[in-house]
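Quick notes on the structure that follows.
Labels run A, B, C, D, E and F following the written order; every chain starts at residue 1.
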């Protein structure tokens, strides 16, 4: 019933190996001697989203809703320093997904609250775009909401990143609570946790709404390109938004 | 003890295949060379409701109550833009059901709150008709209530469609709560959820009551036709209500 | 320790077959060529209550208490339009039961709150009679209380028949709660449910008390006949109360 | 650690058969040709309390405490109309029990709250005597408290005998709650239940205290006889208290 | 991490048999022809504490803390009428225990609250001594706290010895709660129980503190002897405190 | 996602044996005839942290964050009397850990609250350094928070070291709660426990912040040395801070 616009959390090494393999197969199947960019992108799609199913029945207005939802993700994540850099956005349906936005995976070793909040804001960018453009939201944001809820809960109850709950954790690395009875905190603490989670999420939703209202012309431009081409890449985004002003630090790899 | 007036959620492909098969068998059994409309309708009935049981003892006043209950569903769903379009209403008892209203299944890919609310209103149209006509309600609405309760709960706790609870979800796609203790929210949140569910449902019930009071003459006309014919179709509805003013967008199928 | 004055919920077809069989056997055992009314009534007793055990030690005052309890059920149910029509009342002990009132089973297809309330009032008629006559109640009403509590709970939490809880249900036809954590509602809702159940029951108890106080002479007359004869039938009731003023609608059977 | 002064709940038929057998064996062992009263009483002791263990180390002050505890039960139950009639009191230790009071079992078919309250008062008579005589209580009343707590809880939650909770029951004869989630009532109801149970028990304790204070001379007389003789019977009680003013109704047995 | 200064709850018959055996073995091993007092004491130590482990690394300040902790138990229990009479105190580490105080077991048949409170006070004497002498407490009192907490809880919830909770018990001799849902009381009662337990314990802690402050010179004298000799007996205590003013009633044994 | 800066709880005898073995192997592998200091340190690393993984991709700013986090632990623990003495700090990534601080294990037999609080302060020194230096914290403190939360909870609910909860324990040495229903305390007590845990932790965090602000120059000096050398030892710390002013009592070992 819902469309699931997925934001990938990043590729593992094994994923990348799979993609390379698949890309080679695609190129071979198409009689090419070299594996080009398109083969790789198709391979990525196939590994994560399953085979393309072009035969899904979709109405023009649904297509439009998906395009704006995905454009919302793309626009918000482009504008936020700590959100993962976007690679590709598609509205070709695949599996249960009606559209998807792909990001360059970042293996962060230390995560700061600013980064978590930016990612939550980007995840809420899909629903925010529906709200800003059509003034009506949908069930399509379910997986975004799940991601955001878990992130906010982790900030508050696991990583000690909420002022109100403070520098403690309800995480138990042993997998079994040590001195523990069923629930390790009181009802009052449960209420405080709920309020913190809610206020973190609503703040990011409001921020996403604000960002998209301030950049409504670009959001529209992007969504319309997406409707026309069905798949767009970083280049298309740069043409609309200009290059991102944030400098991303390089990781010192093993070869250095 | 209760009659279960069912609103079908729509047919799957497999269901349709079954119906075609069954229709062919019915036609053959009746010595026909072609499968006509009645064979199909009988097949639908058989697949979903089981064989007709005409031998159920039913009093005239019960029959009347069922007719008005079903006419209530039909009237409300006809009047609401986002409710599924009605195909057939019957008060021939079948299995545990004393009556039923069949709708054209709609495979919606994106669901908006407006659609959910219209469907809930239509589901409450049965009880609303009992109230409006006889000023007494019955246990016959049990399955309608179950549908409506689950829908409202999903809006609030799954799809993040309640302003008071906000853009979060208590859904866990992994099927096992990640950081989770038994109940993922506080008593206070539980209260808020109960209030939201209740206010969503009662608003739709009030809306159904209002719609039926404003169209009481048509409700009566429809119910009386139903009492007389026991089964009515879209045509009968159109004769009473005129055609629906809403334009339903076509889905672009795979053949396009 | 408690006497269980049972109000039968009605006979199934299989029960009736059993009774006929048993009645034939009883008649044969008594050397009769025909099965008469008494044989049938004895068969009913045997099927439901087990064999008569006349050897139970019972004091005269206990006998009196049982007689008034059963007469209370009979009187209240006679006076209420929607209570099931009474067939027989007995104070011959049988199994764990010291007395019983048998009703004509009614297979209702649609149940209205008025009917539920009348039946609850009749079920509370036993304890109400103890209260009205002796101004002291006993443990003998346990099974009546169980019936009444479950009925009231069902009205509130299953059939959506309480204004305060509204048109929702906590029933799950799938047998497993769908989005569910242990308890599907908050403490506040639990309180509301308790209050509704309690106020429904106490209203019917008060109504039963009122009915019996207004008809105390008839209650006494009935109980004294019962003490004398140990078993009474519909005829005896009609002699005391006159015929019931309510017209019960006939069911249209399969043969019609 | 605690002495358990037991009040027997009555003998079953099987118990009585056992006692007769045992009495015959005791008489035979003692070379008697007839079974006399003492043989029967010894048999009763053996069946219920196990063999006498005279070798238990007990201090004079403990003996005294036990005697007054048991005399307390005996005095209170003698004075209350609905308490079971006393047969024998002993302070000979047996098994885990340091003393015991035996009552004539009464198989009541209908139990009134007055009877329950009288029995609870008698059960609390042991501790009340400790309080009245020594102004200090002990752990020895544990089994009395258990009996009283269960009785009070049953009055409130099972038999509908509390005004505040009303004519409903949390008993489920099917052994599995029908519409049920874990706890069938709200916290508020749980509080009300606790308060009712507590006020029922404390009222009976206060009543037992009052009864013993008003009859302190007789309590002392009885306890001193008990200390001297270790076992006393109904006759001894009658000598001190006079015969009971209450007329107990005979049961009409099967032979009538 | 904690030192466990154990107060033995008393020896069973089997324990005593074991001790005699062990004492004989020790005497034999040491080439003695008779079993003397020391052999018995060593046997007691071995049965309960395991073999002496002199090789445990312990700092002088830790030794001092243990000595004062144990002297605290000894001093308080010497001063309280109902605390069990002390036999031996040791600060030789054994197993997980850094020190221990041995008492003459008393098989009490009737236990009064005064006795329970005195024993709780003595159990808290260890921590109280740490507080009085060093104004800092430690984790070493864990087993004392466990004993005291369970005792206080039993007074309140099992033996009906708290005025606020009254003459009822949450004990179920059948081992399975009869009418029972998970927790047999309300949140409000749970709070009351917590408060009662807490106030019982804190009163005894305050009493232990007071006793030790009033007898600080004797506490110091005792602790210093203990530090010097590592093991002290009843005689040493009597030399410091004089003989106990309380007369302990003899038990009338089976041989009497 | 998080870096885990571990504070070791100390080596067991078996650990030390393993380390010696491993050190001998390392020396042999490097063609040395004697096992020198570096071999031992490498062995320690290998036993606890697994093999060095120099190929982990880490950005300069991450490296810097890790260095300050570890320097924070080192600085705070150096300044607190009861914190375990530091041996080595490293920012060479190993397994899931990006850095680590090693301490001399102390087998304390008696633990005072002062020691627990100092250790909690040192554990929070990592996050405190992030806050003081960069004014932003990270997920890297997860294992520190877990340690601190468990310690604070143990102080309050196990060792009776909180004034507000008092001298009781919710620890059950038998491993199964004796009189116990699921949770052994009320909601109100649960709230009190939460507040105590929170206030203990936040006080130590504030203390760590204060200590680091007061010694910011030394913190920076230490972190910069660490960034340069990647591994530093007690000597480096002494060069920056001077020797610790606290005299640590020697344990009297078995050989004395």
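Here is the rule we go by: contacts are C-beta pairs under 8 Å (C-beta built on N, C-alpha and C of every residue); 3 or more make two chains touch, one makes a residue touch a chain.
The structure presented is a predicted model; accordingly, all values stated were derived computationally and were not measured.
Trainee: Note down the smallest number of touching-chain steps it takes to go from chain B to chain D.
Mentor: Tracing touching chains, the least step count from chain B to chain D comes to 2.
Trainee: Moving step by step between touching chains, how few steps can get you from chain B to chain F?
Mentor: 2
Trainee: Quick check on chain C against chain D: do more than half of the interface residue numbers occur in both copies, making it same, or fewer, making it different?
Mentor: Different: when the shared numbers are divided by all numbers used, the fraction is under half.
Trainee: Between copies chain E and chain F, what's the superposition rotation on C-alpha atoms, in steps of 5 degrees?
Mentor: Best-fit rotation on C-alpha atoms: 60 degrees.
Trainee: Centroid of chain B to centroid of chain E, CA atoms only: how many Å?
Mentor: Taking the average C-alpha coordinate of chain B and of chain E, the gap between them is 72 Å.
Trainee: So the centre of each chain is just the mean of its C-alpha atoms; given that, what is the distance between chain A and chain F in Å?
Mentor: 36
Trainee: Taking the mean of the CA coordinates per chain, how far is chain C from chain E in Å?
Mentor: 62
Trainee: Hunt down the residues of chain D that sit against at least two other chains at once, touch-wise.
Mentor: Correct list: 158, 170-171, 182, 187.
Trainee: Tell me the shape of the graph of touching chains, choosing from line, ring, star, complete and other.
Mentor: Shape = ring; chains linked end to end, path closes on itself.
Trainee: Touch as defined at the top gives a ring of chains. Read it off for me starting with chain E, then chain F, then onward.
Mentor: Result for the ring walk from chain E toward chain F: E, F, A, B, C, D.
Trainee: Flag every residue of chain E that touches chain D in the complex, lowest number first.
Mentor: Chain E residues touching chain D: 107-114, 158-161, 165-173, 178-179, 181-182, 185-189, 249-254.
Trainee: Sort out for me which residues of chain D touch chain E in the complex.
Mentor: 1-3, 54-62, 65-66, 98, 124, 127, 136-143, 145-146, 148-150, 152-154, 157-158, 170-171, 182-184, 187, 190-191, 193-194, 197-198, 201-202, 205
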